[in-house]
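First chain written, first letter: the chains are A, B, C, D, E and F, and each begins at residue 1.
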Amino acid sequence: MPIVRVEMWTGRTEAQKKELARVITDAMVNIAHTTPEATIIVFEDIEKNNWAQAGKLSSDE
Amino acid sequence: MPIVRVEMWTGRTEAQKKELARVITDAMVNIAHTTPEATIIVFEDIEKNNWAQAGKLSSDE
Amino acid sequence: MPIVRVEMWTGRTEAQKKELARVITDAMVNIAHTTPEATIIVFEDIEKNNWAQAGKLSSDE
Amino acid sequence: MPIVRVEMWTGRTEAQKKELARVITDAMVNIAHTTPEATIIVFEDIEKNNWAQAGKLSSDE
Amino acid sequence: MPIVRVEMWTGRTEAQKKELARVITDAMVNIAHTTPEATIIVFEDIEKNNWAQAGKLSSDE
Amino acid sequence: MPIVRVEMWTGRTEAQKKELARVITDAMVNIAHTTPEATIIVFEDIEKNNWAQAGKLSSDE
């Protein structure tokens, strides 16, 4: 059942996403009592010039 | 009023999206009693290496 | 694989959501060539005072 | 930087969300090399009659 | 065309949302050169026990 | 605390996003009484062939 959406700046490698997928799925199964098959994770890579904090694009920092 | 967001793996053609837009809009109008003009559909193409199920990236299957 | 998210004003009945789930899933299967089991639909009911168009809350119209 | 969004059926307790917040944040820090302070997690509880799979509302299963 | 989604902790009043809707729509029109009618804003009120930062639910702080 | 997500057709320049980030953050601070540092804005550029209204892809209009 759970859908997990992870938004991060671009730059994370495929190896990092693999590891995140494994660990987050384990957490959902162990803590939220769902099954691995029912756990979907979607990664979204956001460019720094599409992300702002404190009123400034992160590409400007 | 309705906003429909469709996340699919990349690979769907523009013809498929056109057809989906038409059919889903018809469904919203006929079943949810809205107007075509008020129905917005946003497609998001997700790469298989940004999608995980059962703890594995879909690009690894 | 596909995740479909439907945001509508509150007020749609469970019967309407059932019908939408059936028709949208059929569309995903027939047009986007996925399976029914892989098609997840999430409905979000939005109160009119949480929705604005043309700079005005929809509850004010 | 990362924003993690977790959609689950209603019914998860506050204790489970606390534990998920802790473990997912640790994963983001250790694997994606961000800081705890920069990691935001948003939980969304979805009623079963707002969730459909295989064309059926989950409240009907 | 633009869809703006604003996630905030519960507690903002309807007057605040009205003002935000007005000001954000003006910004979209003046800066992004769209029309008021094409600008949709959706507010999502998030309970503090559904929001975590630094690994802790905001309701615990 | 607030997360603002802005979906627009591709074509907005970085200068426009900078200005939007500044103005929307000011609005959140002044109207919703948060801090600039706590205000995150994510822009998503949507291709016109991934956007439909009235049952038609916007790239066809």
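The working rule: a residue touches a chain if its C-beta (ideal position, glycine included) is under 8 Å from a C-beta of that chain, and two chains touch if they have at least 3 such contacts.
Quick caveat, the model's predicted, so the values are computed rather than measured.
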Just how many steps, at minimum, does a route from chain B to chain D need if it may pass only between touching chains? 2
Sorted by label, the chains bordering both chain C and chain D are A, E
Centroid of chain A to centroid of chain D, CA atoms only: how many Å? 11
So the centre of each chain is just the mean of its C-alpha atoms; given that, what is the distance between chain D and chain F in Å? 24
Centroid from C-alpha atoms only, then distance chain C to chain E, rounded to Å. What do you get? 20
So which bits of chain E are touching at least two other chains? 3, 7, 40, 42, 51
Which pairs of chains touch each other in this structure? A-B, A-C, A-D, A-F, B-C, B-E, B-F, C-D, C-E, D-E, D-F, E-F
Residue numbers on chain C that touch chain B, as the complex places them: 1-9, 12, 16, 19-20, 23-24, 27-28, 31-32, 34, 51, 58
Contacts from chain E onto chain B in the complex sit at residues 3, 40, 42
Residue set of chain D touching chain C in the complex reads 7, 46, 49-57, 59-60
In the complex formed with chain F, which residues of chain B make contact? 14, 17-18, 21-22, 25-26, 36-37, 39-45
